[in-house]
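Here come two complexes built around subunit A, the first alongside subunit B, the second alongside subunit C.
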Partner chain A sequence: MTPAERIGAMRQGGAAASRMLAAPLIRAGVALALVIAVGIIFHADGAFFKVATHRDAFRQGSVFGILACGMTVVVISGGIDLAVGSILALVAVSFSVMSIWWQWPAGAAVVASLAVGTACGVISGGLVAKLRLQPFIATLAMMVFARGLAKTFSGGTKVSTAIPRPGGSFDYAQIPEVFRWIDSRTLGGNVSMVTMIFAVTLLVSWIALERHRWGRELYAIGGNEEAARLSGVPVGLSKTLAYAFCGLTAAVAALCQAAQEQQGDPEAGAGYELTAIAIVVVGGTTLTGARGGIGFTLIGTITIGYLDKILSINAVPEASRLMLTGAIIVGAVLAQRRGRT
Partner chain B sequence: MISKPVVVAVMLFMIGCGKQSSSEGPRKFTVGMSQCNLGEPWRVQMNADIKAAAEKHPELNLVFKDAQNDTLKQRAHVEEFVSAGVDALIISPKESQPLTEPVAKAYQGKIPVIVLDRAVQGDQFTCFIGADNRAIGRAAGEWIKNKLGGKGNVVELKGLMTSTPAQDRHAGFREGIERSELKVIFEADMKWLEPDARKEMDSALARFDKIDAVYAHNDPGAHGAYLAARAAGREKQMLFVGIDALPHEGVAYVNQGILNATFQYPTGGGEAVDAVLKILKGETVPKNITLSSRSFTPENSGAK
Partner chain C sequence: MSASPIVALKGIGKSFGETAVLRDVDFNIHPGEVHLLAGENGAGKSTLIKILAGVYQDYSGSIELEGTAIRPRSPADAQALGIAVIHQELSIVPSMTVADNLFLGGFLCRGGLVSDRLQRAEARKLLSEFGVDVDPGGLAGDLPVSAQQMIEITRALRARARVVVMDEPTSALNAVDTERLYGLIARLKERRCGIVYITHKMEEIHRVADRITVLRDGAFAGAAKASELPIARLIEWMVGRTIDKQYHRESPAFGAELLRVENFSVANAKAGLPPLVCDASFSLRSGEILGVAGLQGSGNSELFWALFGALEQRPSGSVYFAGERFDARSPQASIRKGIALLTNDRKATGLVLSMSAVANITLASIARHSPGGWRRSQSERAAAESAARSVRLRAASLGMEAGQLSGGNQQKVVLAKLMETRPKLLLLDDPTRGVDVGAKFEIYRLMNEWTSTGTAILLISSELPELLGMSDRVMVMHRGRVSAMMDKAEATPQRVLAAAMGQRPERIQ
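This part shows the complex of A and B:
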């Protein structure tokens, strides 16, 4: 055997063993397994083995997971959406104003709230697709604008069940039924409703990306926008719809946030866009577009969610949490990259 | 071409008119209020308190500026007030060091300066009004100690521990529960944020079967803890105590039966307007005014 042949044979042998590991989804699963192993070792007096811990980990991760679904769709098209945290605040405030102050029926409040979020997304998408602003700039502008709108709409305070009256006194309203319903549990008390909403969002996003023409178009745009345009993909429309979908998922997350806080906080969601992006990236979707999918985002959500939970039950100080989270994001992404050479 | 004397005459006439119109009726005083960040509900309340107090005095004309949590913007606001020649300045500074000099310049320019909540360095201001976070934390600790008979497991949900209010509310609380059998079994930094408080409380509930009281450094934190306990069906087993007692937050939660107690962190807005009025009348005010705090519990706030 010549040296070259020997190397070739070695490569083949190694490939058989590492072919499994090379599959991106398996790679993403490895990061998750590592985090869970950490939880099993640092179980905080057995708290990690209680059902409630896992139910709560999923509940707490759900809002971020829902945001990450929309983010994945935008990222696959080669864009990014920085506005999701602010849109979340705007919709949480709108939903609370409609449900608590105006006493709208649940259905009307939900539909109108989702429309608010979608409209924000359509505007971001229009700026990107029609006016050719860079996604970073367009959504940065929407991020500050929506935050301002949320503060204006709420009068600068939290919209809660204590309704201010002129003269400084308060009327106390009941917590709307729809809030109670979203913050309830189902399946024998084992799964939070917000986790079910996350599951539905995942399913819808998966169908859109994997089983629908629009999703294939987004992958094409993310890969090579000019080539997609030349082969007849309606680039502008598809991209606008991606941001609109992201706005819609931000609105869904906002309903969950408002229901769990029992109020609409104009300051809510600050920094959530970064967590959503971290989830997308840790899962294995690349920020340059065209690579990844919703399955990765599910794994990313669970990884980040469990990491957060494990640090919390062990009462790890804030400073260490931040450093550990940073280190684990880098580790997970490096594992991803090695998986697809 | 208009000659110089004519211009001077016209200007003199205008100045004369200005003087005349201002001498009619009682003199109006302009008071500048520089707020560091209206993103916080407590500071919104401070401005509301100042506005409510000033409305009773038609001779006061208040101008509000919000620095949006930007030190340099607040510095510019102080300088703008000085160059506009306000009759008095109220400032709630974002930070001590960078605002010390602008405040001192205003003070040296004979503008009375009332500093609210956070102090500036040195003594180049007219009057400082603030509350004592340490004393409030101590009062909360003593209240829990008495309520539980000096024995039990406590969860402490802390504010952002790099900020002085959180450090003082923490230290005061520990002083308040000294020499008792109260144990802090779980403590976490919830950064003043309700969703974080709920998350940390979930962890505390998962880890400990017996929790007797939750002490949170602000009312949203205590509310978040209550929601976590309620979801676990354990909200009746423990006391929930918060700080700040804003009318639409803590006091409302006590009235709704969510919190067992909240300790007021007064804004000092009304007191600041009182001090301004005294100074403008030529009276002297103390250099330091420490605001007293009160507690709100279902027993004493139910009437409101």
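This part shows the complex of A and C:
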């Protein structure tokens, strides 16, 4: 091999490696690996190696992960949904009112609650697709509106098993069976039910995006809405459905949240929309749309979830944790960006 | 005749990738003279202007300003050197006042704060100097286009421009405003400014020009004093003498009438402006290629969009497609009916650059590959592969993002997408724009192939020889109206260009 050939071969090898690194999914995986490496180094006297730690990390991340699935679908279409935190509160309140106050059967309460979340999404989607409001504005309005509706519906208090009576005393109801079921563990106690619900949400979202015509349409709209329209894509319908789906996942997250807290808190979910967006972005789905997917969001969820867990088992104070998380979001996104020029 | 030019461009050359768009062009701008730069769409006029204006820096050749070599590195740099360009698209900030617009980028300040009073006083002085009658405190966006243009010109002159370039300044002006602009130009000439003027309007040429230079296919085609140049000669320079044999239209076999359009009109989305298409009537047989000639603003692209149902505003008139009345409501409905549109800007409206070639090719026919909504990747891939073969797409892999393909291959992806919808009528708006020569030939071959199976084509081309070479008949449009309909034998470049400029053919013959 002449020196020139050797340099050529080295360049080729280097190019192959950098091409590998350029694959966005791998870049996202590298970020996750780094976080896990940090966990192994700062294992907090072996706490990081316990099954319970991982189970809890997943349980705590699941509600955000479920929200992030719907958010991913909207972001791929070139939009954003700021209302998911408020929709979560509204549905958590609705679910608790139906299950605790009205004693509805579990199936009816679940279906009606999911319908409430989906309806909110349909309204956001309609504002975006039919009235052509900017997604930011339309969902900001829905965010404020749904929060108000949640407070109206709950009478401004938390809806719990302590039911207030006119005289000022309380009736104490049983915790509904469906709450207990959602908050239980499965697979020999190793996996929380909410994590299973997250897994199912992931799977459904993945199938919708990767295997259904609708997903392809969303990628096309996010990439070039005008080209999509001229190719006969029903742009308005597809977009509306994206927000509807996001509302549905917010409702699913709300069921989990209500079951875990054993109450419907009209103040719940404040700021969750930002965590969901952070997960989507850290995973590697671009906020401008068209690039990314559910696989990225899974990695983003685990990255953010582990980061939080590692900081908490090492007893990093809340204030520092927030600052660190902010810095890490910027770092992760900058690393992603270098992949695409 | 003035002695030395203000600006001299010498031996300018410029290419985009493989394609040379300018070759060894000389162009001089003399003080107190209007130098008209003429040529067909795509002849290289805009590129030359952009080089002078500092938009492009990677060109060959040199530019001299009053004898010293310059090389504008940015539009701001060019402006500082005294070169002002009035682009076709105005760069007015509609939400700011006239005075703010005049001093944009260099607001007049007093004590570090922008002084409205100072700006308005100064603006009033400037505006009256150039005979522009507008209130400096009014919002620029409330003014008619002509007044906005005057403001833009005034702004350019405020920076003591020695050379003013105007790119089709009258395209949005009515007769009165056009006269006003001519008055302004006369005033600029008195100040010994050099003016470069680009226009597509025949009637303007002798009205404003002192000197004319014609570009053709990126090269110098001729130059003369305006008073010594008959129009027939000018057109000859613009189109060249012969049509190349490269446009091989195979002997067509026409079938029954496929499309009949009667009194078709499309209103302008902006109120108060003339309609985009006005009272157009024509018909098309299956297997036929009807060329639709027209310069910028002729409405031929808009005609395509309206026929395809892609415009907001509903057209009036009647369209019969395959014997039935057809009102295009949406692109979706038109595609189902068997109509396909290729837009003239594949990046903006043709492709989803972030998606794979397969996804792009199957985008318009996705329903066929997803019974019940569930996509069948196998079926998509097979269809994309066979479509890619038939358009001779060259891509390392069909999984590549469309944005990574070359211009010619991107265009083939769009064509493959259209053909996958199995259209009976193709609306092709400049199908060979930005495409290398090899791909051009293949696109011509495909057009022959498709028409031989009965597909009809409406064709727009920014290259007149291509349009004449590939069309069986030519329809010419001028400002929204059909100004001529010619058979292949009648359609000489001279006649078509004259009709496109709104002249009766007899007057130049």
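Note that in this section the second predicted complex is superposed on the first by the 328 of 341 C-alpha atoms of A that agree within 3 Å, B and C clash if a C-alpha of one lies under 4 Å from a C-alpha of the other, contacts with A are read in each partner's own complex, and residues count from 1 in each chain.
Following the convention adopted for this analysis, a contact is a pair of C-beta atoms (placed from the backbone, for glycine too) under 8 Å apart; a residue touches a chain by one contact, two chains touch by 3 or more.
Just so you know, these numbers come straight off a predicted model, no measurement behind them.
Peer 1: Answer with clash or fit: subunit B and subunit C placed together on subunit A by superposition.
Peer 2: Result for subunit B and subunit C: fit.
Peer 1: More subunit A residues touched by subunit B or by subunit C?
Peer 2: Ranking subunit B and subunit C by residues of subunit A touched puts B first.
Peer 1: Output check: A:Arg27 vs subunit B and subunit C. Expected answer is one of first, second, both, neither. What do you get?
Peer 2: After superposing on A, A:Arg27 lies clear of both subunit B and subunit C.
Peer 1: Which partner does A:Lys239 contact after superposing on A: first (subunit B), second (subunit C), both, neither?
Peer 2: Neither subunit B nor subunit C is touched by A:Lys239.
Peer 1: Would you check which partner chain A:Lys158 touches, where first means subunit B only, second means subunit C only, and both and neither mean what they say?
Peer 2: A:Lys158 contacts subunit B only, not subunit C.
Peer 1: Is A:Asn224 in contact with subunit B, with subunit C, with both, or with neither (first, second, both, neither)?
Peer 2: A:Asn224 sits against subunit C, while subunit B stays out of touch.
Peer 1: Using the superposition on chain A described above, determine whether A:Arg211 touches subunit B (first), subunit C (second), both, or neither.
Peer 2: Second partner only, subunit C.
Peer 1: Return first, second, both or neither, reflecting whether A:Ala52 touches subunit B, subunit C, both chains, or no partner chain.
Peer 2: Only subunit B is touched by A:Ala52; subunit C is not.
Peer 1: What is the angle, as a multiple of 10 degrees, that the CA centres of subunit B and subunit C span when seen from the CA centre of subunit A?
Peer 2: For this superposition the angle at subunit A equals 120 degrees.
Peer 1: Upon superposition of the two complexes, what minimum C-alpha distance (Å) separates subunit B from subunit C?
Peer 2: 31
Peer 1: Of all residues in subunit C, which touch subunit A in the complex?
Peer 2: Of all residues in subunit C, those touching subunit A are 308, 310, 330-332, 335-336, 341, 343, 348-355, 359, 363-364, 366-367, 370, 373-375, 417, 421.
Peer 1: Applying the document's contact rule, which stretches of subunit A touch subunit C when the two form their complex?
Peer 2: Touch list, subunit A to subunit C: 211-217, 219-220, 222-224, 226-234, 290-291.
Peer 1: Spell out the residues on subunit B that touch subunit A in their complex, using ranges where they run on.
Peer 2: Contact set of subunit B toward subunit A: 38-39, 41, 44, 52, 161, 186-189, 191, 194-195, 198-200, 202-203, 205-207, 223-224, 227, 231-232, 247-249, 252, 255-256.
Peer 1: Show which residues of subunit A lie in contact with subunit B when the two form their complex.
Peer 2: 44-45, 47, 50, 52-53, 56, 60, 151, 156-158, 160-162, 164, 168, 170, 172, 183, 185, 257, 260-262, 265, 267-268, 308-309, 312-313, 315, 317-318
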